[in-house]
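You will see subunit A twice below: alongside subunit B first, and alongside subunit C after that.
For the complex of A and B:
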């Protein structure tokens, strides 16, 4: 106890612990499409996610609160927010989605976390010398 | 070895159209329920419920239906039952809905519940009788119903699917 207090005083950062489960989960996803095809805009992207949910989990799945926080049309990557109880449903629906406008496509889930800040950096993309 | 645990859902078909009775049959009810599960819970829910899903017992006269599914997925089944809106058979469709009466672990508990339920229904009928003839009829069937239960209690087998008519 005393030791951690000393360490806390020495360091300039503060440590916070969240004991209850987070309300939301955040996913960073990338949509892979064959080259030279039509790229979805934000609305079409959300529509694609909802249609994937509806296919696998029906109307109950389509009613899950899913938000597209950011979407980059150039790189086709997005950050999704979903209530924690629906994380598995959303993830499985994204994984099993195979077609966008009758052409092959795939969702890659790059990162997932209960904290949005954790998606700020990706340790897998670090270039270490 | 562990036995597979099932849940039996006892429901009644309620319809305003009396012609709906003729289309209450195994296949039509099964298809309508499957369709509702597929619509509400998607491919995943349908696949979960399809494991050992059958229509175990069906009484077209009283509109009683007994459905069976695995214990893990009975919540999916029960939540999809209110979304059954019509029964279709022989190219005819009638609007109706399913009223869930009881969810039990064995056919026997469902049968016991059904007997008790039907007896209560008969008592309610008895109270709403208007003339003497009706009253005598209902009283007669009430007596026969208790006889049926004694018979089935004496000759009971473990978890057997013998549908017993109570009226």
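For the complex of A and C:
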């Protein structure tokens, strides 16, 4: 009886292992600019990302497939998609970007995940204790 | 888990900008920062002043994001040494030096780097990231420093400001990694403006660029910083420090039994 119970308990769970890692990584980023002055539109934003990549990683970095999935001009926040192998390159390029049109700026990487759905909520904003 | 820390926030005269920096650091998720007071012996008559107490400077400290705790503010003294005579100050146990939580040295020559790693009673050794290294790192002093629990500090703000400095930062960091193999590294900001600060995970990712592994890169902004802080604390005590932590007790032993064992006892 014990055996059958164990088997029954085991059957109600299904184990799934994802052998190949996801193709892409998704980043939710926010651009911080000092108050006042020009705000980039979506094309300028993409250009900024590519120029940041080019500054740090050269032509190879600029050729990295990066997509801007959403961009909100009001809050300057965006969701970027990048191939997984280029995550470190893109992230470090964004970190070391310091200027937009000769004014200081900073990219805040709010979340990264291999799953787009994970960006729907942010566990870091929960207050646990 | 050790929280994230940034061991280098330059102490400026402007209280308001300091407050802004602290607020940004807390918002980014740093749970501890150190206010850095730099003394360069090249400039004439530099007095070691008493550290400004953080509670005096900031009446209310900002709350760290994701927790309900307030940010911890430490004091740090950095001595720029370009001559062996400058080290006497550290040996003579000046009363004002003892008041600082963390003591760092910035050696300018290979000989001074050797002295700093092997004999000086310091917590951090700063690595030059703004110009080409004036000397090569050698294994013996670096190994001694690792054994003594001294950490090497790399700064990332110069890399944000200027592309030439960025090149030097990365190249100096990589040449250090070849010798220390990713051990005992601390990465901190030295940011003068809130827009120069970066989040702890961004900094950890930057560590990958410097040649650290993922674990070492995360340690460079968390556990290594805590170790450096504790190393500084041991200077104030006789021989060491012990922290105790209350462990949460198990509510009921019965409940924690695995399901399969339960099933057997029933049958």
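One rule holds for everything that comes next: the second predicted complex is superposed on the first by the 108 of 129 C-alpha atoms of A that agree within 3 Å, B and C clash if a C-alpha of one lies under 4 Å from a C-alpha of the other, contacts with A are read in each partner's own complex, and residues count from 1 in each chain.
Just so it is clear, a residue touches a chain if its C-beta (ideal position, glycine included) is under 8 Å from a C-beta of that chain, and two chains touch if they have at least 3 such contacts.
Quantities reported herein were computed from a predicted structural model and do not represent experimental measurements.
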Which superposed partner A:32 touches (first subunit B, second subunit C, both, neither): second
Which superposed partner A:116 touches (first subunit B, second subunit C, both, neither): neither
Subunit B versus subunit C as contact partner of A:54, first or second or both or neither: first
Which of subunit B and subunit C A:83 touches, first, second, both or neither: neither
Contacts of A:95 with subunit B and subunit C, given as first, second, both or neither: second
Greater subunit A contact set [subunit C / subunit B]: C
Partner chain(s) touched by A:105 [first = subunit B, second = subunit C, both, neither]: second
Where subunit A meets both subunit C and subunit B, residue numbers: 55-56, 92
Subunit A partner contacts - residues on subunit C that touch it in the complex: 28-29, 65-68, 156, 159-161, 163, 166, 193, 195-199, 201-203, 205-206, 208-209, 259-260, 263-264, 266-267
Subunit C contact footprint on subunit A (complex, rising order): 1-2, 5-6, 9, 32, 34, 55-56, 88, 91-92, 94-98, 104-106, 108-109, 124-129
Subunit A to subunit B touching residues, read off their complex: 54-61, 92
Complex interface listing, subunit B residues touching subunit A: 38-45, 79
